[in-house]
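Next come two complexes built around chain A: one with chain B, the other with chain C.
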Partner chain A sequence: MRNPWARTGNYKTSYAQDTTIFATYSEQASLVVFLIGMLVLPRFLIRGDMQILDLILIYALAVLGLNIITGYAGLINIGHAAFMGVGAYTAALVAPHLPFWAVLPVSGLVAAVAGAVVGIPALRIKHLYLAIATLAFQLIFEWAVGHSPALEQGGAMAMPRTVFLGYEVGFKNHHYFWYYVTFAVLVLLAFAFRNLLRTRFGRSLVAVRDNDRAADAMGMDPGRTKVFAFALGAFYAGVAGALYAYWSRAVVIEDYSLMISIKFLAMAIVGGLGTLVGGFFGPAFLELLDINMETFSYWIKEIYNPPGVDVGSAIRPLAFGLAIVLFLIFEPRGLANWWRLLRSYFRNWPFKY
Partner chain B sequence: MKNKWTLWALVAVLGLGFATAEKVHIMWSGAITGPTSDAGKYYAQGIEDYCSWANDTGYVAGVEFVCETRDDQYNNANTLRNFEEAVDRGDPVFLGYSTGGTLQLKPLVQEVGVPFIPASYHIGNIDPPDNDYVFLPIASYSEQVIAVLEYIAKVAPGAKVAMAIHPSPFGRAPVEDAKKAAAELGIQIVEVQEMAKGLDYTATLKRFENKGVQYIVYQNVAGPVANMIKDAKRLGLKIKHAGAHYAGGPDLLRLAGDAAEGFLWVTAYYMPHEDNAAAKFVKELGAKYGRPADAIESVHYPSGMLAAGIAIEAIKMAKAAGQKISPESTYEALLKMNWANKLAVGPVTYSKDDHVGVDQLRVLEAQKGTFVPVTEPFSSALFRKVHYGK
Partner chain C sequence: MSYFLQLLVSGIVVGSIYALAALGFVLIYKASRVINFAHGHFIAIGAFTAYAVATSLGLSVWVAALLALGFTAIVGYFTERVFLKPLVGQPIISVIMVTIGLASVFGGLIHLTPYGSGNFSLPHFLPEGGVSFAGISVSYPQLLAVAFTGVFLAAFGWFFQRSTIGIAMRAVADDQMASMSLGVSVEKVFALAWAAAGLTAAAAGLIVGAISGLNLEGLVGIGLKVFPVVILGGLDSIPGAVVGGIIIGVLENLASGYLDAYIPGGGTGDVFPFFVLLLVLWFKPHGLFGTEEIERV
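Right, the complex of A and B next:
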């Protein structure tokens, strides 16, 4: 091709081209611009904004893990926050003895082991029954933590202050520091996620999701694939849990409850199940929606506050529920599909097709 | 002539400057929606109304309070965001809410040194580590449960007691102290049962009956407690019921109806139906700011007022001492506080070693649809011994 930068369509002519991580040069260039933009972004944000941004990135990491389990392997998981919790509690236990950069993979690995154990029922059951099995894990996790004196029975386990290159991370720079750490981890694991689909295992995931009997007939091992999907998804959640523990400075059971598991599912659906970008869009959309609805609810309270009905307060949870329902009805492929359409439009521009 | 006008303008500007009150922000972050919002919404209203009253009456000369009640939906990440916003703004004090949120924020509260007054009376909030800046408005859940055990030991020596607790750090907080206190008091805690959100507690209650339980002591919120005591009434059990602050109150009466008759409840707050200055004050404020009867009769409304009152009183003390209003001066004022407030059965007192505001409690009994005090205000005789070993 004479000018690859000006390519307006899909001109792949070989299998190797079809499996490249980035389809076009413009895609690579836009990624570089995006990464640079993200690196300089903290210069333009106040500390409070950084706090929200950190939370979005941490949740994005957890939702990427959920996307492996539910989006790619098709295994409904309503215990994902428990995997995150396993990572967080591991972090709380090992953080006094290890530097933070070692705590993150250790937490991920412990969560992966938990994920593999939870994945074992997936060898025999699926659909709603598997969902209930993951729910059972969530409840067992909450019960086990609640009855473990070593884990403060679900009360707070404080995280030690982080020291990096002799520099102690304090209140003023806490969110800036953890932004860069989380961002680096997220880029690394998102890259691994993207690569995953180019591997034999990645393709097995999709095959098992679409029809596990057919996948079995094709020589794949559906059982091992499912267990490995749980382990890998839990690894992502475990790392996210460790990051959340550092970010929030303490580990409390409420941060890893069933409600958070449901929130992750909502994020995955709104973002777009089975997509990489959906893992970013979902958390960003729902977190920013919540914050904006909070501001909106205060405004509503000021102008319309009838006695007996707290309209302002009700608007916030209503918006969360409404967003999920509307996406399920009108755009079940989530925001990732809008992103795909947008990219397609600009790739073909000025032509329609 | 020109100079004369300039002089007048200068005087006017200076005058306006002196007349403008200093705005002091106080933020509360709690559940107006989501779990426990039945308590949180009235707690928030109590804070808002006490602040409005302080502003309307000029309670702290030269200060206008801007009280923000933020709905964190019982989500710790939202609580953290709100707290950090308050710290960044330089708020002199922060009003918190949940047990989990407070426990999670403790290391940060310690780091930034902003006084923190939660609605959770979990003893872990003021136990080491990181406990310098957290102040409980009233005695802890642990002390409340021990106080009711002391009462039970007095009226039914050697009684068999079961504890029914919320399955969380909030519920579990008093268990160990209660067991130690029971041993000292010569009563038996025969079982500690965590109460899930069940709608039928028949099996649990029949087991309690078989074990000869005479009293069930609850550390929970009113909803599950109401379900259990209604089941006990339906089963015709002779077991008596008692509970700590969030287990009882007018909310329980509303939810459980006549099944609540005889329920023993421990709290430090006066009730709105009582004939005293506290009840009059609460009702006046509720009426003045257009609150519904449910809010005024709820114990969470004066609870919010007391929390806001402690913060405002500390700021008043700091101002009276000629200090700039800041977290540091508010903290220093809190450590010297001895406030004869209108809302609780005892004064709010703090010191470096004592971060419990109102040390006294009362036991009230549900009689014909209202809670009637059956004791004078008292402090638990055993709490310090079993918890601190002194």
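Right, the complex of A and C next:
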């Protein structure tokens, strides 16, 4: 008799069954438990923790977008923070006139247009050349914002206070409110991300990544697929940018700089390129590492603190760089692979087979 | 007219720094198809090593410069051995990311020394003043920078044309399989390419030190400017690196000389090379002298 709660064998008899996301009830149940857990989590956390949790969720959203571009379509993107910045600046400009639930998709769409424009060179160039083109876009974006008087030349642009259904978001509930908003958006877009590969477009993304000439011969349009991949990934980044703008209450160019683009790439790789869970593990791991290194640097200062040296600003990039390098050398498939191993260990637990 | 010529001359000086920096970058790319995002940090390591040796040990700047060249070459060599070698055969993104990670590590390590922030200048070792003709003035350090670059390029030209190792490196760049079957150690060539890149990067850093002050962000910024240079010249072309470096240096100076007045905040020179980069990528992706890749199914 088939046990619907555990995977006791392969009972799939049709293609439709083979493409289901959840193989067993226990997987569905664990997802429900996880979602409920995330909903009640803020009850147990203080304001400072909520701030970090919000940041991780917003970055997770941006990294999901990067996973579409770099993970699924294989296009190296060193300008993802600029897409996020396009979304954030759009949010700063339209937020005084629109409610926040309208600002988010608008920011996403404007960023998607920017993404498509940046993706146009992908019609002609690829691999390293494309990576360098996105790098140029990132630097030009930073410079253009820094020289636009309309955008405060990269200085702080304040975001208005949000009122939702008569509920005013203020100092005390700010991080809690944006936690739930971010979480709702994230669940929605993660659902779309998870199902992307089950669509025609998603499969052509992967085909183009693996061999674009073969994909071309099979009747797909690699150029258009790449441009759409950029637009879709940039949409995620744009929504994340608008959320970041609301969360940090101001838009500053430093939050969308080349360093952040590199951070996103690192998060995607440390989490596991092209995986959904990796999109959460990567940001969580690197952000928590960063915070712990800040504490660690106080400890280092007791031992090594010569004049003229800022240990804090040395330890953080050092740990960040080492994390990237060590993951690439020892676990190129990222934390998602550890998660996979852990799950496959517990699949038949407590039985041995 | 003299304003234009003045911009042109200082552009050539800046361009020769870019040419030297790009030379090492192209060497790495040619040998091992790796894009090195840590190149700016190699430049910084070279420059600050020279500074540290010259100021704290009190040695002459020339000795310090030689030591810095050697040290950075060793850093380059071991970077390849320890971090790049395990990634041979991995996808491009892994290789790019490992150099980005290394850039972060090097940045952190430099921040652990007192050279992480602030400005430093090498002790004066060149005569003050300069020559001027037709209203253009060129200082001696600038002249020396161009001469030094010329000497370096000539030395590298000789190295690639005549020496056994140089010929082996060209052979590997051309066809790895064929050179392997002819007894060239491809592994050794990869490591040597990185060592040579470290050497040229250090030379670029020293010239920056001779002309103006040393500052970590500025030196790392040169590592980014290398991208427009190599794209314009062609990613795998050594003459392209030199020509591209000088063109980008001149264009950058002309842009900041003529366009800054119209842009609020100025700073056109910092971004103009990247516009050039995008234009080149759109219209002539393989640059002036790069090899066009022809793909077959």
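Note that the second predicted complex is superposed on the first by the 329 of 353 C-alpha atoms of A that agree within 3 Å, B and C clash if a C-alpha of one lies under 4 Å from a C-alpha of the other, contacts with A are read in each partner's own complex, and residues count from 1 in each chain.
Quick note on the criterion: a contact is a pair of C-beta atoms (placed from the backbone, for glycine too) under 8 Å apart; a residue touches a chain by one contact, two chains touch by 3 or more.
Treat the numbers as computed from the prediction; the structure is a model and nothing was measured.
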Label the relationship between chain B and chain C on chain A in the superposed model as either fit or clash. clash
Counting only touches as set out at the top, which of chain B and chain C does A:Asp221 meet: first, second, both, neither? neither
Given the touch rule stated above, what does A:Glu294 touch, chain B (first), chain C (second), both, or neither? first
Answer with first, second, both or neither: which of chain B and chain C does A:Gln153 touch in the superposed model? both
Between chain B (first) and chain C (second), which, if any, makes contact with A:Arg47: first, second, both or neither? first
Per-residue contact with chain A, leading partner among chain C and chain B: C
Could you tell me if A:Arg213 is touching chain B, chain C, both of them or neither one (first, second, both, neither)? second
I'd like to know which partner A:Asp18 touches here: chain B for first, chain C for second, both or neither. neither
With chain B in view, single out which of the stretches 115-123, 169-177 or 187-195 of chain C clashes with it after superposition. 115-123
Intersection of the chain A residues that touch chain B with those that touch chain C: 143, 146, 153, 307-308, 310, 313-314, 316-317
Chain B residues touching chain A in their complex are 32-34, 41, 70-71, 73-74, 76-77, 80-81, 84-85, 87-88, 98-101, 103-108, 111-112, 122, 124, 129-130, 167-169, 172, 194, 290, 292
Which residues of chain A touch chain B in the complex? 46-48, 51-52, 55, 142-143, 146, 152-156, 158-159, 170-171, 248-250, 252-255, 294, 297, 307-308, 310, 313-314, 316-317
Write out the stretch or stretches of chain A touching chain C in their complex. 70, 74, 76, 121, 124-125, 127-129, 131-133, 135-137, 139-140, 143-144, 146-147, 149, 153, 213-214, 217, 262, 265-266, 269, 273, 304, 306-311, 313-325, 328-329, 332
Residues of chain C defined as touching chain A within the complex: 35, 83, 86-87, 90, 92-94, 96-98, 100-114, 116-118, 224, 227-228, 231, 235, 263-265, 267, 270-271, 274-275, 277-278, 281-282, 285, 295, 297
